[in-house]
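In what follows, a structure is listed as structure tokens, so that the remarks can point back to it.
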Amino acid sequence: MRNLTSLLFAGGLGFMLLAIASGLDFGAPPMLVGGAIQSTAPQETGATNIVTSVVLGYRGIDTLGELSILFAAAAAAGLVLGRRHTTAGTLTEGGFVLKHGGAMLFPLLMTIGFYIIFHGHLTPGGGFQGGVILAAAFFLPLLARPGARLHHGMLSVIEGFAGSSFILIGLAALSEGEAFLQPMLVQDTLGQLVSAGTLPLLYLAVGLKVGAELAGLLSHLAQTESEV
Amino acid sequence: MSDLIVLPLVLPLFGAFLLPIVMRTSISIGAWIGPAILAYGCWILGDQWMSGTALPFSLAIGGFAPPMGINLYIDSLALLFAFAVQLLGLLFWPFKIDQETARRQALMLLLVAASTGLALSGDLFNLYVFYELVAVATFGLIAASGSSAAYASTIRYLILSGIGSVLTLLGIALIYSQTGTLNLAHLAQLAPEQLNNKLGLTAFLTILIGVGVKAELFPVNTWAPEVYATAASRVSAFLAGLVSKLALLIILRLLVLIFHQPEAVQVMLVLGILGVITGELAAWRAKDVRRMLAFSSIGQLGMIFIALAIPEQGGLLAVLALTFHHLLIKSGLFMLADGWGGAIEKLRGAAKRSPLAAAIFVLFSLSLIGMPPLPGFWAKFTLITQLAAQTSPLYLIGLTVFLLATVIEAAYLFRLAALLYGPAAEDTPIDTIPKPAGLSLATASLFGIGLLAAALFITPVGDLLSHVAGQAANADLYINTVFAGTGGSQ
Amino acid sequence: MAPMELIIELILMPLVAFVVGMMMVLMMRRIAAKLQRRIGPPFFQPLYDIVKLHSKRTQVSHGLIHDIGIVMAMGGYIAAETLLPVPGMTGIAEKGGIITLLYLMMIPSLGLALGVGQCANPNGSIGIARALTAMLAYDIPLVIVIFGVAYAAGTTNLVDIIAVQQAGGFETWGAVQMPVLAIAGLIAMHASLGKQPFEIYIAPAEIATGPMVEMSGKYLGGLFVMQCFQLYTTSVLYVSLFLGGGTTWFDFLLKSFLVLAIPVSIAYLFPRYRTEDLLRLMWKWPVMLGLIGVAFVL
Amino acid sequence: MTLTPLDELFLYSGITVLVALLLGRRLPAGWMVTILYGIQLLALMKMAPLGYGGEPISSALTFEVMGQSLSWRFDALSWYFALITLGSALLSSWYACGEWEQRFRQSGGNLWLFHLAMTLNVFSMLILLASGDLLSLFIGWELVSWAGFLLMAMAGGVATKAAMRYITYAMAGAMAIFGGIALVYVSAGSLQYEAILTAASQMSTAHLWMLVILFGAGFGIKMGLMPFHLWQAPAYAETPGPGSAFLGAISSRMGLFAILLVLVKLFGIVNIDSLKIPFTLIDARDLLAWIAVFTIIFPTFTAMKQNDARQLLAWHGIGQGGYMLLGLVVADAMGAAGGLLHVFNHATYQAALFMAVTAVIHRTGTADLNKLGGLVVRMPLTFMVLLVGIIGLAGLPPMNGFVSKWLVYRSLLNEGMPLLFVAAVIGTLGTILSVYKLIHNIFLGQLRVEHDNVKEAPWSMMIPMLILTAIIFITGLLPGIPLAWVASVQQAVGLPVPDYTLGGVESASGSLDMIWVIGVLFAGFGIGALIFYFAGGRSKRVHQLDNYAGGHFLTADVRYQYSDNFYAGLMHLIGGWYRGSFLWLEQSVKSLVEFLSLGMQGLYRRANAEFYLLSTALFVIAWVVI
Amino acid sequence: MMPEISLELILYTTALGLISIGLAGVVLSRHLFRMVLALVIAEAGANLMLVLAGYRWDAVAPILTTLGEHPPMVDPVPQAMVLTAIVIGVGIQALAVSILIRIRQRYGTLDRSQVAERMDAEIADTAGIPRDVSQESPLGERPLPSLPDSTVEIRGGHS
């Protein structure tokens, strides 16, 4: 009975929301803020990827919050799962292809990851996407060899420094008498690799942090067997 | 000077990121980072308050002018909340040193930072981000108590909160689709034309329900009893005392600035009334202290929602008075529950074991019930005069429920007080009666002193709150402040 | 009014009451004797009784309160008489009024109750409990009646009440103006005398004469005196309320004796009620009559 | 800032609280507190002109909180009640000093808490009495409630239970008042008395009804009016002896004070008179009068059934409150005077009665009416106090209770209210029955063996009792003394004033002169005594066992006392009427709350929170969309 | 009047449908992990809704490919927000999963009502209060006692 009610309720809710949403003017957004950003972003931040200028510039503090959420999730997961990991031999070793393929892919993934991070202000992609690829690079060997373990200490150092350098860059602007997280060193080289001032640096921090965070999280999840 | 206001928001994040690294090398140094940062945050905010910088002012993050970039809006209310966050963070600091110290303290710092962000931010989506950060940090801290029940309650809370987030996000998406902006001040300008319709109302309601999860809005507050019963007392105190109020703050800002529809407040009124009824009635039968406090907290938040539904500035004053009063009281009570957390029956004769704790409990109870001249009375007085002034019968129902709930509240609180002061059970030696831990008791005493001080200086406190409410209720001031002076860089 | 005159009145009124009261006791016994086909006692028998009781050798006291009780029983009535106007004498009736009189009439009961209580005899205590219950029974209709009369007269001053009745001769008598109230008052008065069928608190067979069980000699004598006063007070009060008081001593006494003769005659025809039956009876009929009467008055 | 006499009074009262708080653990604390009460009384005497029509005195103390100004002032009404409060506090505290204190301490009582609670009660009552606006009235009200709770709860055990019940009732009352205040505030725009006075005349009927019900219920709960009377007797009876004397004397009269102030003075009895109940002949004022009358009758007859002396007295305390309200509601010159005078009279005899009973407990260790008897030979003075007290309570001449009840009866008669009149008399008769049981079962009848060497109450307890006895008699003899104060109170609240003399009241339709009445009464007693003692032989004192026992010889181990089920015959008839309906009602409310609470907990316990969320979202959005 | 099935209708239906499905999934699932998965679905719906908010007909991604004049671009802000929202979602899911792992280890089950039941019992146990017995279903397994052999024969249970 309750199942049926729930189903009806959910459907009804969706239907009503649809009725509300159909009143929206689809495909012609007001673009109040978006439009303004589109026209000023290249000058203000020097990044051709306007999404990047939004992510790191206009809404930089969102990104900082987002990083913090990842960090918090990782820390919380760490708290929940604890530090004791059993690299139990119960899991079978990966096969030949997985093992060696993983080893071969590792440098490739690293390269792609960093490429995407460094070109985040120019092309689609950026710190998040690159970071995830980096995390995959580290996680792949783990799948192949369950016995292997990531160097958690290293990861946490990376993540700590990456996160704090993001803030430090922001604070640097503050110490220069500008607003927190204000882009600095904006060169007049739109479209070049070395452009957009501190944005690539921020993206690097983001990428490293995301990478380390996800890798840590994944390895936690993969390796936790039981608390004894 | 006013630029530095961003530090209480950023430094805890910074500290949180660095803490694991520092802890790795030296725990004794690391243990000082958090308190130092929070103390510094308190100092900055206090200094800001004292320095007499013209409030309110707006601070653009990254130097981008407000509708495009994100701005912090600092008025007296925001400053007060931010200060309370930092101070409570300090008071509820998880000092315990063990293997997980770094993570726990980092989470605490993140929670403080996010809460500060909630208090200060002037951008809808940014609020959402900080809200989520609060949520995640909270989950971590609840689960940190390590019991299976804590995990179970966390996951239940997490799922509920997750749905809430989805709804909030949906509401934000609707608002953005309609208006194309997220800045609260900008929205406030656009709202009369663009959001004064069903779509706007739907968006508000989805956000209300989403944010209501944290604000213990009935009926999405079912997590509260189990979470407060399983989490560490300090975490519960922070959640019940502060986080719920910050969620309320979001709703308050939305109401004042954007959504003026009568339906919006009516929904809150009805849900608030239901919250009061269910919370207080459930507390009547609660058999353990924590859940009693949890239910009582639900009831109190319900009262605040009722107050929030009063559309005038007087209502806002009532909201603030109730909010800060409940903040003091409930934090203090949860501190006492640290040690008194078990069954109520076990507390027979506890006053002999710890007279101070019992006295503080009685003090808090009296204020919660609203005995003059304690501050609780003035809060309730403000509320009922405002409620009675409304013409809609729904408000009178609210008034009645509120008054009846107070009676029930008095009954269950003083049943416990009578138990505390009654004779101990015959087979229990006095040493085995539970007693709040020293540190918690000291913290609770601080809250008690604060309460008494507020009672003593009720006139200036009242004036201050009216001033704050006046500022917070002024939507034009908000808009003008944000768009006139972006502060900071330029 | 000259103070000397007043003092003489105050002394005379109880004395007259005592003498008349003794005659009423005599009348009561004579009626009883007539009904039971006896000759009855001689004229001075009440006086003989009092003297006899006081001169007994065995005078058992159970303590000071026992004595005080008897003193209060007599004293209360003596005081009450001064509030009850008789032809030519008003005493201090104007300073007390009927409510005060009503309450003064309770003092003897209370005194008796105290004295009996001190005797430490459960029979006495039971008797007192019954007596008080009986008071609860008959006072309610009595109070209604008094309310009605006082309201009709517009005053609580007995002198004025009498004056109002005498103003227009027979037609303005309370009994004519308010017949229903008069009937209710008569029943209540009967009960207040404590005679059969309402003598529940004496009940010789059950509780060994109740209040009197430990009374001997002058204690019983005191009670005898009290009874004289009681008979007088009750009948005179009724006369004052309903029968226009007395313009002369003759018609005053005539009315009083006649009024008393009615309940006394009835008393010897009936058996005794149980306590709750008394309550039930009193709370039903006289109260109803009284209320109807008051409704007429209002 | 100069101290007005009122400020001085507050100051002394505050000092008393502090002394009790700081020095209360030392032995002479009781004496210090008592002396301080005396000083407070002197300070009150400095304001004595108030009792004779003087101008109100304001306190220099005012506050401005959240846009509300708070002020305190004394007028004749406050002064009159303050006089009673301080008088009973002084005597109760005096009574507590010395032997009672020692015994209390030995039996594990917390003397410090006792003194503290007493001083707090007095202090808060003074604050309440001095209230200069509705808000300060409410503040004082709450303070009095909680101070009373402290005093009631301190004995622990049963007392705490009773106090819990009290505080639940009191909170309900306070919240009713709180709601009423909010409504008044909205319609008058202010909580100052002047503003309310003007607003009250323009209020709509519905509004006024609401306010009368809210305030009436709120204040009535404190007074123990029906149907909110259940809490009072157990709570007062279980308070430590002198405390119950104090509470019984004055505490619940605070409700009357507030009714007088708010319903009579502010709203105006005339306005209340105009509130008709539809489809019946009665209006709000009649309703109040009938409530008062039922409050007289039911508790009085409940008292009759009690077997504990203190419970019995406490129940009577509720009943007597009905007379006061009745007089006030009739609201003519005599009725109001009677009601107000009864406050004073009741305080005196009720305090004396509680003290006498406490003295008995002090000596014998029990107040169970079935375990006492014959104590008059051991404690004659206490007996006398109790006797005077019960005569006052029953409202018989020559004690003061008679005067006030006489005034009430007279007013009912004048106004032509036969049913109320009869009901009031029923109450009086019930009281007589009940108090005779009290004095009989304690002092008369057979002395029990175990009480054979009981001594008279100690002088520290005796003197306050004797003082009270004297007051009861003197104000009975010369009712003009308190009537002067009462008259100025009536003037202050805007009621007509009776034409009083030193000995009573003058009136065209029948007056009262207690000097003559008492003079004649005592002359009668004197004559009676002359006859009794000089006519006839000397009586012989015999042992109490030398008694008629149907031919048997009595021995000490035979219980020859009639105490249980004292009014058997009466109970045969009315015993079935004790249904405990109000208890049943109270239980029903309680179990309803329990039941709802269970339901709510079920709602929260194994909750499918997501489902709640979903349905809420659905309903609220549906409400918007549709 | 039947509304025309347009692209926007399909898109909105998809987004809100995902949310509805997610909500229904959360409410209907008895397994905690499935509830988390349903949550993920709902989040996807909300994110889609957010992306739709910035869509513009005939517009390109907001990346400058040429200096100077550029074709109309879609609103970049929702895209940034979605990026943020997705990452937030990932974090929460990871945390949820790690908690689920622990619950599975401690309680041996992820059934929602059983977990709630166990949690309730544990809370009551820690606090030391007697527990109101569940109002929904009897606690634990209550196997029927096996019938004695004789009854089987009496009932003709042998063939």
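Annotations
In this document, chain identifiers A, B, C, D and E correspond to the written order of the chains, with residue numbering beginning at 1 in each.
Methods note: a residue touches a chain if its C-beta (ideal position, glycine included) is under 8 Å from a C-beta of that chain, and two chains touch if they have at least 3 such contacts.
On a predicted model such as this, the values are computed, not experimentally measured, just so you know.
Between chain B and chain D, the least number of touching-chain steps is 1.
Touch-path distance (fewest steps) from chain C to chain D is 1.
When you average the Cα atoms of each chain and compare centres, the chain farthest from chain C turns out to be A. If you compare A-D with A-E, the chain pair joined by more contacting C-beta pairs is A-E. Chain geometry summary: the mean Cα position of chain A and that of chain C are 107 Å apart. Centres computed as Cα averages put chain B at a distance of 79 Å from chain C.
Measuring from the averaged C-alpha position of chain D to that of chain E gives a distance of 64 Å.
Annotation: 93 Å between the Cα-based centres of chain C and chain E. For chain C, the set of residues that touch two or more other chains is empty. Residue positions of chain A touching 2 or more other chains: 6, 9-10, 13, 16-17, 20-21, 24, 29, 31, 33-34, 37, 58-59, 62, 65-66, 69, 72-73, 76, 80. Counting only residues that touch two or more partner chains, chain B has 125, 129, 132, 136, 139-140, 143, 151, 156, 159, 163, 167, 170, 174, 177, 180, 182, 198, 202.
Of all possible chain pairs, those that touch are A-B, A-D, A-E, B-D, B-E, C-D, D-E.
Of all residues in chain D, only 608, 611, 614-615, 617-618, 621-622, 625 touch chain A in the complex they form. Across the complex, chain A meets chain D through its residues 2, 6, 9-10, 12-13, 16-17, 19-20.
Considering their complex, residues 16-17, 20-21, 23-24, 29-34, 36-37, 40, 44, 57-62, 64-66, 68-69, 71-73, 75-76, 78-80, 83, 153, 156-157, 159-161, 163-164, 167-168, 170-171, 173-174, 177-183 of chain A touch chain B. For chain D in complex with chain E, the touching residues are 601-602, 605-606, 608, 610-611, 614. If you check the complex, the residues on chain E that touch chain D are 23-24, 26-27, 35, 113, 116-117, 120, 132, 134-136.
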